[in-house]
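Should a chain be cited, it is by its letter among A, B, C and D, assigned in written order, with residues numbered from 1 in that chain.
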Amino acid sequence: MQGSMSKDVMTTLVVSAALIWALPLMVSTYTLTILIIYGMLGLSLGLIWGFGGIICFGQAAYFGLGAYTYAIAAINFGESTIPMLLAVIVPAIFAALLGLMMFYGRLTDVYLGVITLVVMLILFKFINSTAGPQYVIGNARLGGYNGIPGFQTLNVPGDPSAYIWGDAYFYVCAVMLALVFILVSALLRSSFGRIAVGIRENETRMSLMGYDIRARKTILFSIGAAIAGLAGALFANWSEIVTPSLFSLRQSAEIIIWCIVGGFSNRVGPIFGAAGLAYIKILLGQQSMVDNTLIMGIILVVFVLFLPKGLVPAVAELWNISFGRRKRGASRSGRRVRNRGKANG
Amino acid sequence: MAEIVLETQGLTMRFGGVVAANNVDFTLHARELRCLIGPNGAGKSTFFKCVTGLQTPTEGQVFMRGEETTQWMSHEIASLGVGIKTQNPNVLDSLSVFENIWLAARRFHTPIEANRKSQEIIERLALSSIARADLGQLAHGERQRVELGLVAVGDPWLVLLDEPAAGMSAEDVERMTEIIHELNKSAAIVIVEHDMQFIRSIAENVTVFHQGSVLMEDHVDLVMADQTVRNVYLGKKA
Amino acid sequence: MDLSAVIFIEILYAVASLIMISAGLAVVFGMMKVINLAHGEFMMMGGYTTITAVNLGVNVFVAMLIIAPLIVGLIGLVVERLVIRHLYGRLIDTMLATWGLSLFFIGIVTMIFGNTTTGISTPIPGFTVGNYQINGYNFFIILVAIALVILLYAVLKGTRAGLIARGTMQRPDMAASLGYSPDRIYMATFFCGSALSGLAGAVLAPLVGLVPTSGAAYIAKAFITVIAGGPSLIAGLVSSSTVFGIISQTFSFAVSPVMGEVALLVAAVVLLRLLPQGVTGKFFKGKL
Amino acid sequence: MSLNRRTFLKGTAATAGAAILPNILSAAGDTIKLGSVLDTSGGFDAYGKPMEMALRLAVSEINEAGGLLGKQVEVVAYDTQSDMALYSQYGQQLTREDKVDVVHGGILSASREAIRQTMRKTNTPFFYNVLYEGGVCDRNIFINGVTPAQQAAALVPYAMEKTGKKVYILAADYNYGQITARWIQKFVEENGGEVVGVDFFALDVSDFGSTIAKVQTAAPDLVIAPLVGGAHLSFFRQWAAAGMKDRIGLASTTMGVGNEHKVLTAEEGNGIMVAYNYSQELDTPANNAFKESWSAAYGDSSAIHELAVSHYQGIKTWAAAVALAGSMDRDALINAMESGLSIEGPAGNLSVDPQTHHAVLDVHLMEIENQGMRVIETLPQQQPIDTQSVCDLQANPDDNTQYEIEI
């Protein structure tokens, strides 16, 4: 249990370095960048839902908040370093306040899901109704439904005219994801992370052990929001425009779907789920024979029927069957999610 | 006389029109071992929940080592050094025995200290052979024992147990009895229990609950011999 | 004076339409703890069924009240047998599956009907209140909602199936222990839930611009209403619809429809903060 | 029912070959590559699908006539699935990987802004062929949709004359709606009228009961409703359901651009006043020929709408400019476009305004009648005066702004 953190870091570094080197040979860096960003977004929900048991139907709220914070700050500051920091801090604070409200109100389970969903919809409706000229923050018009285009994109800290874009931006995003992944791994290995998993398993027991689950859930929720906010800021830099659709129900649903497909409760599942599904969507857009909504629907239904545990756990299981090494983490995660479902039913 | 570690004054709990606990005055001294008995619905579980912070009483007060804890939440009470075990085995099913106990130990110790402490408890409770197994795979008796481990690892001065012997084999009960006596060397213990056999084997003093109130409080043998108590039990259970 | 009568009717209508759009989801969630993300698409298909039936010469009321629920119920049945059945007790897997199904239905309906399908006009003329003209069809929706609530109550309270259903809601394992096949209970429930969604979509069809993607507009609202209602099916549905309907319509009149929707959402947050188990988690406990 | 299954399959079958194989063909390098980004599935497909059909039709006509500069035009098309992020994605893919010669596409203003800068940076000429709020000033983009001033200048006086002086505006709450509302207001006042109320609605509002009551409290003679999208269609239905149609006049600057008037029943839609560049009922030789070739390609012509025709005309304008320039060079193309180029499209004569890169075109005043648009009057060759008041690309070729026009 102890001591393997450094091994974990090494593995992450080696694997991500290999991927960063190999993937651009197959897929354009521009496409890879967005896949990485979605992967980070998936990871943010995987962390709080998979490891913290916080059912969040509104993760898009923090993604959108990060993107908007970045865009607004970048217009006002004319450089990108402070806006990047703000894009992480603002969603984290917002989520912490919401978390205080929710967790100290003893909201649990599906009721949490509804509150997070509703808060996201409120943000969505608010941002959507800011088309008028009176909605201005500093020099930035909020722009309502059309969003905010034309803000300063990522630059070398201290030099606003040295833009980081194209391939360089891909490397920045890839390194960011690897860093976030290592931080999440470290978090999960720390006492805090293990206590969080304990809380997911059995809140009453953990509170009878003397842990303040409200505070811990709030902190975890806030960390998840910070990661989503970072993903949002990276997205803003990638797309060079932010629109309210970042806050939309559809965006939130997609994040959940990524995590389910990749498998909750393991760190890489949500990342690969997100990147995989987003890539399928991008590929689908190149054909116009059959309605793409229909194809995506069929893929998801077939998936849930034949790979019910999620992609990564399924692959891990296949690996175990083939090589006969028992890996508890993977097989356990699948079961846990099912159990939760049963507890609700 | 030893220090009073747990005291309630006029503790009352109402659910709508139903009075589940009615004006309960209760006192427990350091290193005392007390069983709460009574027929189903007598109010002992409600009393237990009010004391452990799982519910907030409608009226009355709870004191632990003289400090009022009436409005406290479970984790605050547990943080005082109170070990609590609820009615059904309440453990972390998908984690191993070691991980369960480690999490309980971590609350009061540094990670390294927690490792040592967990190891020690596992040995003391004879759980070494199953230390790496997930709780979900264990038998009922083993799970109960692990939960006692969770309670014991925090070195509590007050232990509150709700039906620790329920559904266990005779062998398991015997082991449980040993552990409880061991705990009792340093902690006062309250046990809510049905099983008279078990109570006789473990306790000296019992408190009898009936219809939300304390009916009687005395040595176990005297209580067992009491006609009112017998009526309550037989009347209810027949 | 006239205006307040109009406002009163619009509030009643808002409550009624919330009840209508949430009923199907409430039944499925209440009985099976399945969050049916394709709920909106079932409504959408109810609308399309009605339009098709009317175009084929069927009386509009027959189409809305009988054919649409039946057809959509049958679609629900097929879906339940083919997909949902395999996923009981797995909350998030059913979410994934029903999300996939919702995309699937949008695609299928687009392929069959295209995206500009002529709707049907309201079968009831406008209505004059003093100086105001209001939508006469509102009264029809209010009546249907009342009938729906009474019917649900009668079925749950007065029939054997209702008794089994109530048992299942409280203890999923109880029905099985009484010798009823949970499989069949779930199948019947999903049929009823889908039929109710179809009914709602059909009844609302003359008032909305129906396109294959219309369903998305309903799912969030229905979900919020159902969860805020809490564990009791009918009492929860009626109470949360009433609270939300009154609040959203009041703000719509006082400020704007957008504020009406925001007010509804804020009310949901406040409500759940004060009553973490929904309205009926605190009041009307143990009622239907 | 405009797009039944049979015609849909036919339509897609006709385009399938080109759609599947873009990357293979592109290896040849002896074609002109036209990039397309449109929402042909998801919530905005009612706009996007007919636009895609128009694009295929225009390109196959160009190719049948021998192509451009002796080369065939090859379409590289992406379906953005009504997802804004995919515009950014495919915009990059078109310019960086497919290296197309021109991009036609974008539907919502946000989608245009998502790709406009990419097109500018990569020197890829960009055609945005959609009715929009006006004000974009960028030498790299050409826009041929009608703008609010072009519409409102025609629609407002006509509708006021027919109904009365008191006007209530119900607009979609985004750029287009906000700006259009201001232009309507200006023209109402110029015509001696009075605006008694303005309300904005987010695009997902679908319940207008309270609004209809509010409008009645203000008792206007005319309601002008630049409402957008599927949810807002509910307004027109609820308006009719309340029996308001015969009491207060109704006009719109958006209703029908995506064939919305075919979703309404005849009795709900009849009498709504609109003003666009195109109507299916336009009885001109050019339009009849266009409808015929559309029918020949796709079975029937009912899917054609304003945006599809704009798109068709945009591609035809581009083709004319390429022929005139005689090369695929971007600057040569822009110079050709700015040379006062004009084409005869299904909607009439259309010429490029060199000052703004917008279009000078005919605006038709129409009334909806039996799910069609009956043309009442044609206002020939309307200038994009709104954009002209802020944008002069001849004087400032480096301008790269979307102006919000002060009125």
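One rule holds for everything that comes next: a residue touches a chain if its C-beta (ideal position, glycine included) is under 8 Å from a C-beta of that chain, and two chains touch if they have at least 3 such contacts.
Owing to the predicted nature of the structure, the values given are computational and were not obtained by experimental measurement.
Asks: Is the C-beta contact count larger for A-B or for C-D?
Replies: So, comparing the two chain pairs, more contacts are at C-D.
Asks: Return the distance between the CA-based centres of chain B and chain C, expressed in whole Å.
Replies: 47
Asks: Measuring centre to centre with CA averages, how many angstrom lie between chain B and chain D?
Replies: 74
Asks: From the C-alpha centre of chain A to that of chain B, how far is it in Å?
Replies: Distance between chain centres, rounded to whole Å: 42 Å.
Asks: Measure off the straight-line distance from the CA centroid of chain C to the CA centroid of chain D, and report it in whole Å.
Replies: Result: the chain centres lie 36 Å from each other.
Asks: If I count partner chains per residue in chain A, which residues reach a count of at least 2?
Replies: In chain A, residues 125, 129, 250, 290-293 touch at least two other chains, as defined above.
Asks: At which residue positions does chain C touch at least two other chains?
Replies: 107, 110-111, 216, 258, 261
Asks: Would you please write down the residue numbers of chain D that are in contact with two or more other chains?
Replies: If we look for residues of chain D contacting two or more partner chains, we find 41-42, 45, 173, 200, 202, 204.
Asks: If I apply the definition of touch given earlier, which pairs of chains qualify?
Replies: By the stated definition, chains touch in these pairs: A-B, A-C, A-D, C-D.
Asks: Using the touch definition up top, name the residues of chain A that touch chain D in the complex.
Replies: Against chain D, chain A makes touches at 28, 30-31, 34, 125, 128-129, 131-133, 143-147, 149-150, 235, 238-241, 243, 245, 250, 281-282, 284-293.
Asks: For chain A, which residues count as touching chain C in their complex?
Replies: 101-102, 105-108, 110-111, 113-115, 117-119, 121-122, 125-126, 129, 249-250, 253, 256-257, 260-261, 264, 290-301, 303-305, 308, 337-338, 340-342, 344-345
Asks: If we count contacts the way the header does, which residues on chain C are in touch with chain D in the complex?
Replies: 3, 6-7, 10, 13-14, 17, 107, 110-122, 124-128, 131-138, 206-211, 213-214, 216-217, 249, 252-253, 256-258, 260-261
Asks: For the complex, which residues does chain B have touching chain A?
Replies: Touch list, chain B to chain A: 52, 54, 73-76, 78-79, 84-86, 90-95, 99, 102-104, 106-108, 111, 115, 134, 150, 154.
Asks: Okay, in this complex, where on chain A does chain B touch?
Replies: 2, 191, 194-195, 197-198, 201-202, 204-213, 328, 332, 335-336, 339
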